[in-house]
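Each of the next two complexes has chain A plus one more chain, namely chain B in the first and chain C in the second.
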Partner chain A sequence: MTAPVQIKNLFKTYTRRRWLGKNWEKPVLKDISLTLEENHVLGLVGESGCGKSTLCKVLLGIEKPTAGQVWADGKEVAVLSKSEFKKLRRVMQVVYQDPYSSLDPRMTVRQILSEPLDIHGLKKNPQERNTFLKELLASVGLSDSLLGRYPHEFSGGQRQRICIARALALNPKILVADEPVSALDVSVQAQILNLLKEIKKERHLSMIFVTHDFAVARFLCDDIAVMYQGRIVERAPAEELFENPQHPYTKALLAAVPSVCAPQTEEAVVSQEWPERKDWACPFAARCPYAQEKCAQKPFELNEIFPRHACACGVRPFATEKKSA
Partner chain B sequence: MMINNRIVKRIYTNKTSLLGLLLVAFFLLVALFAPVLAPVENPNNPYQLPQKSYQIAPQPPSAQNWFGTTEQQYDLYYGVVWGTRLAFKIGLTVTFFAFLIGLFVGGVAAYFGGKIDEVLMRLTDIVFAVPSLVLAMVIAAMLGPDIKNMMIALTAVAWPSYARLVRGDILSVKQRDYVTAARTLGARGPRILLRHILPNAIYPSVVVASLDIGYVVLTAASLSFLGLGAQPGTADWGQLIAMARNWVLGTPGHPFAYWYTVVAPGGAIFMFVLGWNLLGDAFRDILDPRQA
Partner chain C sequence: MTRSDETLLEVRDLQIEFSTEEGRVAVLCGLSYALPKGRVLAVVGESGSGKTVHALSILHLLPPTAYIGGGEIRYKGKNLATLGEKELRQIRGNKISMIFQDPAASLNPVLTVGEQLTEALLAHRNISKEQALQKAVLLLEKVGIAEAEKRLDEYPFQFSGGMCQRVMIAMALALEPDVLIADEPTTALDVTVQAQILRLMKELQKESGMSAVFITHNLAVAAEVADEVLVLYAGKCLEQASAEQLFKNPLHPYTQGLLNSLAPLHRKADTLPVIAGYPPVPRREIIGCPFAPRCPFAFEKCRQHCPPLFEENGRKTRCWLREDRK
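Moving on to the complex of A and B:
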């Protein structure tokens, strides 16, 4: 059995051709390898600009990888023919971050939800379609009386439900959620997360869930990959990652999660001052309080240090903590 | 059905839009029933003004000539009525073709991008760089004074604003998430262009077009006034005002002696442009989906 999504040594560099002078180049993804397992939710966590969304775009085939391979549902995304690609659409769908810009303002909910069916020529019988659309709306917790409304008549949370319904219309096996709750109020976030969890269970979905919020990731994800500047710095099952973070960056992110219950005891782990040194090989070293001489020699590879737990840090300042704990 | 209700409701609730609609509707009726309102005397060319005599001085309104006559006894009433039809013809034709050219050029520039975009947009910049009335005058003068040539000249200066507008709107709509979402649903180029990009990118241009109809007629009148459009004796508002040129100052001691030579055609132009402006504002509100 093949994994729903498999990514191997993926590189992505944005290039802009210039009339004069050198081409502008920006490497965004560097040597990414990931596997999404069947019925799992894989969380991609990292700060803004670390390449999470680009990874989604490459996975969805909107951007072409510069090097490396991406398989979705056992097919390599970048080399698919147009008709094969269209078939893949029915297997893999996406929910975007901004529910305000991801719905066409001139279409009613009925038109929005009908579009995927029209494109793929499904449920052509008007009655059958009507029942299907009503069920679809009900499955995301919306009343079927809303079919004739326009997107601007809805709140952010309701819009995101419509986006989820649109993604589910094709009954996909894989759902890519690109920060689906980060544009929503916290109380609405919880509702949408519950909905996603429920849908995942009911429909046996495998999900890639992008977020910058560890609290959100913890609620939903089975596995988590932490990204920093286009690299995966740590990858582990969710509980393992929260209990035993190995990379200083993961540790710093976890310490930054605000908690109402527990008073913040640990001091901020990311150093505020940038050391004078500029020639670090490890991308995080410049902000890392544990940086050593060897961090300047060559970048660390992502190595499995415990079963299913990989980390790209050669210093590993917390390696001993587990034993003592 | 729903959109019709919305338009009706919108226009009725806003007094200025209602005024615009009434003005344009009034002119439309005048244009449609021109043969009834002012029977044609020369069937070969209904736009030819009937000439009562060859007396030079204009005559004030009378039972035969309701709006009076202008220089050389051309009937002003006939001129204003048939001028309405000509105004619609000029305004709609010029705006339609300018819109079409602009849509095509802007669409191609936005769709293909790169060097094609660069060349087309610099071309529109060149047209923009010259004041539009001056450019229209030059083109009209080169082609010779004729209504058709005047319309070509007006179209030639009107399309760049649409090209620019359409291009910018397409580029901005192309970036929106719902376009990407449609692509991830499996939609191909034509569907995305026709169902998502154009409907969302075209409306600002439609609004500008409705505002432009009045403006085009105004510019056409300026060209006719300058002798670069309709020929003397044509039922054209600008031409009627041009024929009043020698009489607007009246006679010594009586500055308003020949007031009727400009009031009727000038008033018609004013109301026509006002009507389209108000209606254009109403369109802008209606076509915005957020204004339900």
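Moving on to the complex of A and C:
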């Protein structure tokens, strides 16, 4: 069986054409290879600007890749015709970060949830449609009496539930969630996280989950890919990544997460903010406390160092810790 | 709590209202606290809890539709709430200064960093431009910006988010204020940068001995920086305690629920314990305890009468469950 999502050597460069002179180019994704397995949640974790949202856009077909291939549900996204693309939409849906800007303020909940059904010509019988919408709302924990309301009548958490319901309306196999809880209130985040976990289980969804929050990733994800400046620097099953992080960047990120129980340790503070020395080949080397001469020569490939655990670091300062553990 | 000489900033029964088409809406109902010298108070709350509005009101920075409906804000005995603009200018930036959430939006994009840093110095201190620039270099170095002299002539867009926030901190510290009000200073930043900024703020606060009001929605950030924590919900203080007590042994069901619902980093959880329901909309008047509709322990009394703040062992809790334990 093919994996729901497969990405192979993906590059994405944003270019601005100039009338005279050289074009302005900004490489955002560099040589990304990833597989989302059936019924798994793959977490993309990284700081802002590392390319995680761009990766989602390429996967959803909103942006075209510069090089490399992206397959979703066994079809190559970038080369699909319009009608094939429409079919793919039924399989792959998305939930965005900000539930305030992703719902049309002039549409009622009924219209919002009906739109995907109308586009794909599903559940045309009014009665059938009605029961379906009610069930849909119930499945995301909302009362069916809310169908006639407008988005402004809801709180952020409720809106995000509506966004999730809209994504589920077509009964997709793949759900792309781009920071779905980071705009929500603290007391509501846990509700939405539980809901996502529940529907993933019930509907056998495979999910790409973008987040900058490691604690959230640990709760929801089966596999995690850590991104830095357009590259994947480490990729492993979630538990393995948290128990045995190998890349200095992963380690630094984990240490930087503030916690209510444990005070921050010294290594939390990564020395430099942005690379000062430009001739490093490894993108993290300029901030890395373990950088060596070889980090300047050529970028490290993402190599499998343990079963299913890949890391793009040639120094690997924590390699010995595994043995002693 | 009695007002000792050590108390720098005292907020007493502060009430803030917005005038809307539907009439007056209270967003902060009777907030009181005292900030002693050299201490950091974290005000924790969700969106709409009134935490930012309270911060803005201290320096009269409220939007035109909002006003102080009652109460006092005392700085060294002076009531800021009734102070005129002219007198307030002597305090704003000079004695009490502020850092805002979005560093990129709070800096003026068409002025160089140097111009912005020296503006307050030139306005409040009787010094020459050269002296002010020298001071600005020192300030930038203090907040950890390399090649400070060169960077003075640069514009905010040439700085990263974390660097902009460092500049904001340098600006806020330029006049060596007694009180620093920081409104979600790290919310817009990445975690690694957040860790750096929190550490920097902690160091500078210790070094200068100033007091700080730190506003955040992130409990973990509050745990990192604060001596004392105040939990706001729907415009009311639900719990106030020392950081150690609050995180080790939260007494209010809301604080308990919040702490439980955080996804743990150090282990894998199957489901997260949640607080049911959603935070209240500020528009409606609340009868009884504001948290009662979401509270697993709520009983009849909670729905009818809002509990007062019960004091025990130096901490305050607004919950009827604490009534008989006094």
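Note that the second predicted complex is superposed on the first by the 315 of 325 C-alpha atoms of A that agree within 3 Å, B and C clash if a C-alpha of one lies under 4 Å from a C-alpha of the other, contacts with A are read in each partner's own complex, and residues count from 1 in each chain.
Criterion: a contact is a pair of C-beta atoms (placed from the backbone, for glycine too) under 8 Å apart; a residue touches a chain by one contact, two chains touch by 3 or more.
Fair warning: this is a prediction, and the values are worked out from it, not measured in the lab.
Aligning the shared chain A places chain B and chain C next to each other free of steric conflict.
By the touch criterion stated above, A:76 is placed in contact with neither chain B nor chain C. Looking at the shared chain after the overlay, A:253 reaches chain C, while chain B stays out of its contact range.
Of the two partner chains placed by the overlay, only chain C lies in contact with A:239; chain B stays clear of it.
Within the superposed three-chain model, A:186 lies in touch with chain C and out of touch with chain B [touch as defined at top]. In the superposition on chain A, contact is made by A:219 with chain C only, not with chain B.
Superposing both complexes on chain A places the Cα centres of chain B and chain C at an angle of 70° as seen from the Cα centre of chain A, in steps of 10. After overlaying the two complexes on the shared chain, residue contacts for A:155 are found with chain C alone; chain B is out of touch. Which of chain B and chain C touches more residues of chain A is settled by the count: it is C.
When the two complexes are overlaid on their common chain A, residue A:106 makes contact with chain B while staying clear of chain C. After superposing both complexes on chain A, the closest C-alpha pair between chain B and chain C lies 10 Å apart. Against chain A, in their complex, chain B makes its touches with residues 2, 176-178, 180-188, 191, 195-196, 199-200, 289-290, 292.
Those residues of chain A lying in contact with chain B across their complex are 60, 62, 82, 85-86, 89-90, 93-94, 96-98, 101-106, 115-116, 119-120, 148, 150, 152-153, 163, 166, 170. Taken together, the chain A residues at the contact with chain C in this complex read 47-48, 155-158, 185-191, 193-194, 197, 212-216, 218-219, 238-239, 242, 252-264, 268-270, 273-274, 276.
On the chain C side of its complex with chain A, the touching residues are 46-47, 146, 160-163, 190-196, 198-199, 217-221, 223-224, 247, 254, 257-259, 261-269, 271-276, 278-279, 281, 294.
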